[in-house]
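Next, two complexes with chain A in common: one pairs it with chain B, the other with chain C.
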Partner chain A sequence: MKLLSTTALSGLMALGLVSTAFAEIKIGASVSETGPAAFLGDPQTKTLKMMVDDINAKGGVNGEQIVLVIYDDGGDPNKARTFATRLVEDDEVVAIIGGSTTGATMAIIPVVEDAGIPFISLAGAINIIDPVKPFTFKTPHTDRMACQKIFEDMEAREITKIGMISGTDGFGASMQAQCKSVVGDYGIEVVADETYGPQDADMTPQLTNIKGAAGIQAVLNPGFGQGPSIVTRNFAQLAIDLPLYQSHGVASDGFIELAGAAAAEGVRLPGTALLVTDLLADSDPQKAVATAYKTMFEAQTRTSVGTFGGYAHDAMLLMVDAITRAGSADSVAIRDALEATSGLVGTTGTYTMSPTDHLGLDLSAFRMLEIKAGAWTLVE
Partner chain B sequence: MKLSNKQTALVVLAALIAITPLFFPSSYYFRVGSLIFVNSIAVIGIVILAGYAGQISLGHAGFAGIGAYACALAPVHLGLHPAFAVVLGAIISAVMAYVVGRPILRLKGYYLGVATLGFGILVSMVLANEREITGGPDGIQVPDLGLRAIVKTMGLDLNNSEFWYIFSGLALILGAWVALNLYDSPTGRALRALHGSEIAARTVGIDVARLKLQAFIISAVYASISGSLLALQNKFITPDVAGFMHSIEMVTMAVLGGVGSVLGAIFGAAILTMLPQLLTVFAEYEMLLMGLVMMLVMIFMRDGLLPSILRRIRGKDE
Partner chain C sequence: MPELMQFILSGLTVGAVYALVALGFTIIYNASDVVNFAQGEFVMLGGMITVFAHGAGMPLPLAAVIAIVITAGVGVALNKLAIEPARGAPVVSLIIITIGASIFIRGVTQLVFDKQLHRFPSFSGDDPIHIFGATLLPQSLWVMAGALVVFVALWLFFTRTLTGKAILATSNNRLAAQLVGISTNWVMTLSFAMSAGIGALAGVLVTPITLVSYDVGIALALKGFAAAMLGGMGNPKGALIGGFLLGLLEALTAGYISSQYKDAAAFIVILAVLFAMPQGLFGKKTTDRV
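Up next is the complex of A and B:
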């Protein structure tokens, strides 16, 4: 009966909405609004919704309104794949944004590549766009770029021997591997390599081992969620007098709150312009975009803006820009336009895509930030 | 009408699988259907273990994980065809079930629940932490089964969802057939006897320890094959497949539909697979509604949905 009524309903919709169907562009999204990755998906969902409202209020794209079909995959790759299938087959969207986690993204890729639907992922891992897949793009920096940014800074401080303490969750594990693969390029040696579980409440033993490593000059902590705050607190408790580097995974005000301003003093990490909008020079191309998004997000949600919501902001920005330039809502035309994106300024960086680069960011988009007196400052 | 209960159940199942696609408005429904079938196969395993033999397991996703990762890893590292990887996964699961089951099936009730829970968590931890082999928490690509291409050369061009609907549908019918036959076999009767009373079963000469182990191994193979089919269908798998939530999902599906009945288990799997899809509009209330449904079923339909409904219908007939 349920199936019959669904058929009847879709039949009616097909009849009733044929005339309006020409005046709207359907964009799909599958993000982790709930579940273990909710801290990624929640701001992303809010961002996508408020951007679509904003764009529609300003007259839409090419005179057509955007309809956002958004599903919550809870960070479960299996669900993400089902929702991607639903978006493609049932909702018949022209493009998809989403996959807050690398797992969800990797599950969506076979569906969109099969169907030929442009897809912008919000997840970090490098294997999403390397090797390049025709219809898959992404907005966040790769974890390898975060490693490179950190090692550049270490090189400038003449640090050659470091310890690493990494989370065993997807983010930490992937970044640990990427960092170790590029660390040699900077003449830096990893003299201690420890890990912790995502639910661990104390990292003192691992940090004690690191502290004892001979000749160690700095510590790097790839990870996100609560782990890095605990590492930062334990680091201060053990009075380890070395520079501590965190990853872009904790680039939010929440991290300083959790770790405590005193413990977080002097911590450095690569972050986006979004965290330091006030400190950017007026000539900085990102200042206007980042400030506008920050103002809109904070006014509507009453929570502080973060890097992850910014990924969704940039994905929607890229999509709308591509649809505008394509002049149509045809999936292949949108894909071609996405690939031709040039000099588009987002909150994460300035995107210039090419057939061999479906991320389009370079290291300059990352800012090296340092926490001083409980606030973010730019490292010159 | 000389069909036995078993034959009726199989005919109803086959008819449902064959006829419902006629009402599918898009191939997304094939995807949901094939997920229902894959889940059902695992849940039938739970029915054999919990419904027939009366033993609980909260770690069966561990076996699904073994089956899934066998399909991801064996073709790459051993050069095995994915189809044989399914068999290899089932064999590894059976051996693991034997090794793990021998000591822990001495436990009863909650203790058995906790021991199996531990096993499931161990498997998912190994899959997440052995990054060099399993690809870690971000998951790993699974090679294509290749069967769809073969079907295509025979002139039948199916898309991925359609192919997997048919393939896992056939697998489900096969799995249900085996489970229904087991129910009426001497082993099945002995399992039900030990479910009723272990002491009484032992008194009439049933080797309780051996039978429990058999049921555990058979159900592990079901879970493993379900995991393999999921991996091959998605062409990508993460350690979530072996996660605690997946184990709980399997047991919940079985209990909701009716843990003593194969068709009931499929019914339960169908409801809990479709519910999140139907409730996308109320995504925030999904857990709340599921909890409510579970509580209502537990209070008013203690045998599970399908057996309770059937009894009510039959009761009125008589």
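Up next is the complex of A and C:
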């Protein structure tokens, strides 16, 4: 009945008969503001809230104000599922953003697919959108793309033998597996494969073994949190004279601060335009949107902007763009508009969706960055 | 042998961190038989408060002292507000209260401060010291020295001072201790203040190596607890040696066997030791009159 009246109203609106049919557009979100994935969900929550305030202050979408219903799932898939159900049944939202972690996202997917509510995930894993599910989209590039970007850079530097030191947390383990599955395509061999616990205080034994591996030319460290900072410091402590690659997991200014500018000198990682807004050419399409988000985020939170908050920024941007083009707040219309997204410039990259691609990014979304004298530089 | 030397130095660095955390467990345990699972939170508070006091412009030593004093205050508050009102409860209930307190402290910390990782500069710079082809950061020496100083101080405190003996007496038999004129409430307050202070000192010393955020306490407390169990709960010597043994076990396993199994290997050794010596390496054998 609701669907019928919504469709009827949007029909009327399309005819220009009802100009202010809805008081508001309800968008739901379930993100990990607290708990083990708080480093993802905290900036994402702040980003979603400030974007909604900003959009509403500028007159909303199609003349309607957005109401954001946001829940903190603490990174727990059970809670994420409960909140998704509550968003669909009680709050009656038209679309959902969220699932900071892959686990939470996978728990939300069955709920939104059953209810036919468009959903944009903020998590990394490739199986969120592969195979394609009708109502599920995502904004972050996959771990596999990060691996490919790193290996492309290694190939350009004629590196053929590398060591890997990965965190055993979800992010590190997933990226380690993805990297090992694509490394062969680039003619690169992993000659040392070590791991560390996410809370470990010293990685010199693992790095000593990597240093001693025969013919090794570079080291890759998939991981986030304190691990990569400690690996970078230990790398400098052992005076290992090899290129060190970090992952997009630590692509924020905080990493340079924690690892120390001296130890981080020469570290390369695939990052987004957000980190290097000042270095982008004025003709770069991402410059304006990334600069605007960075300025807004840093002014309101007084913490440095990071890749993860950017995922939430792009999800809201995609959603608002789709609702605008759909011209209504009907879930199916929004879904169709999302799938037809073309050339939408976000902080992570430029999104072009299709019925077979619900991510819409390619490798050009990543930029290879190098730390020089405590600052990010673009590797050409 | 530079590899072996590097593994040993790594083990000693990590071991000193574990030993410092383990030493914090001994005092409260000696006073009340309670294993204080909020000990890791004291370590975290020591680091976090120092970071923010230093960030607010205070010199590092002053920030460290403030962190230790405030954390000791938190320890006293924990005793007064949560442990003392439940005085008659069995030890297991008190232990569960400390788990609840640790969750509470973590929650308040992320609201008062933030959820980011932090670090402050090492005390003596970051230039590695070269020893037989291996390297060691100067901060590791600070942590090791800290563990040794705390150990000696605790050992003197428990064997040479009346107050230290009063703590042991309170643990042994609270009623008898009261009868000979020991204020057991004061002993409990003192032991929480000291444990929290030592925990905060550990936090100050290890933060340049391990980094700090609101949630680092759980992992530190778990490893510190394992070290204390291995050495013998309540014995400062056990805590010190247990900590270094655990660190060396992890580093040597990571170096020679597999970094995948380093935690498992360490815990298997601990289980084996506890099977043979349930009191830990240096724990007292207790006999109860039936």
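We adopt the following convention: the second predicted complex is superposed on the first by the 359 of 380 C-alpha atoms of A that agree within 3 Å, B and C clash if a C-alpha of one lies under 4 Å from a C-alpha of the other, contacts with A are read in each partner's own complex, and residues count from 1 in each chain.
Criterion: a contact is a pair of C-beta atoms (placed from the backbone, for glycine too) under 8 Å apart; a residue touches a chain by one contact, two chains touch by 3 or more.
In this text, all values refer to a predicted model and were calculated from it rather than measured experimentally.
*Asks:* State whether chain B and chain C clash or fit side by side on chain A once the two structures are superposed.
*Replies:* Pair status: fit.
*Asks:* Give one of first, second, both or neither to describe whether A:60 is in contact with chain B, with chain C, with both, or with none.
*Replies:* neither
*Asks:* Identify the partner contact of A:233: answer first if only chain B is touched, second if only chain C is, both if each is, neither if none is.
*Replies:* After superposing on A, A:233 lies in contact with chain C but is clear of chain B.
*Asks:* Just to be sure I read the superposition right, which of the two partners does A:169 touch: chain B = first, chain C = second, or both, or neither?
*Replies:* first
*Asks:* With the two structures laid over each other on chain A, which partner does A:90 touch: chain B (first), chain C (second), both, or neither?
*Replies:* In the superposition, A:90 touches chain B alone.
*Asks:* Check whether A:34 is in contact with chain B, with chain C, with both or with neither, and answer first, second, both or neither.
*Replies:* both
*Asks:* Between chain B (first) and chain C (second), which, if any, makes contact with A:374: first, second, both or neither?
*Replies:* In the superposed model, A:374 contacts neither chain B nor chain C.
*Asks:* Counting only touches as set out at the top, which of chain B and chain C does A:208 meet: first, second, both, neither?
*Replies:* second
*Asks:* Minimum C-alpha distance between chain B and chain C after superposition, to be given in whole Å.
*Replies:* 6
*Asks:* Looking at chain A, which of its residues have contacts with both chain B and chain C?
*Replies:* Residues 34, 168 of chain A touch both chain B and chain C.
*Asks:* Report the residues of chain C in contact with chain A in the complex, numbered from low to high.
*Replies:* 3, 6-7, 9-10, 13-14, 17, 110, 114-119, 126, 128, 135, 137, 206, 209-211, 213, 215-216, 219-220, 251-252, 254-255, 259-260, 262-263
*Asks:* Within the complex, which stretch of chain A touches chain C?
*Replies:* Residues of chain A touching chain C: 34, 36, 38-39, 42, 168, 194-197, 199-202, 204-206, 208-209, 212, 225-226, 229-230, 233, 236-239, 254, 257-258, 260, 262-263, 303.
*Asks:* Please name which positions on chain B make contact with chain A in the complex.
*Replies:* 20, 23-29, 31-32, 35, 128-129, 131, 136-139, 141, 159-161, 230, 234-238, 240-241, 276-277, 280, 283-284
*Asks:* Going by the contact rule set out above, which residues of chain A touch chain B in the complex?
*Replies:* So the residues of chain A touching chain B come out as 3-4, 6-7, 10, 33-34, 71-72, 76-79, 81-82, 85-86, 88-90, 102-103, 106-107, 109-110, 114, 125, 168-170, 173-174, 177.
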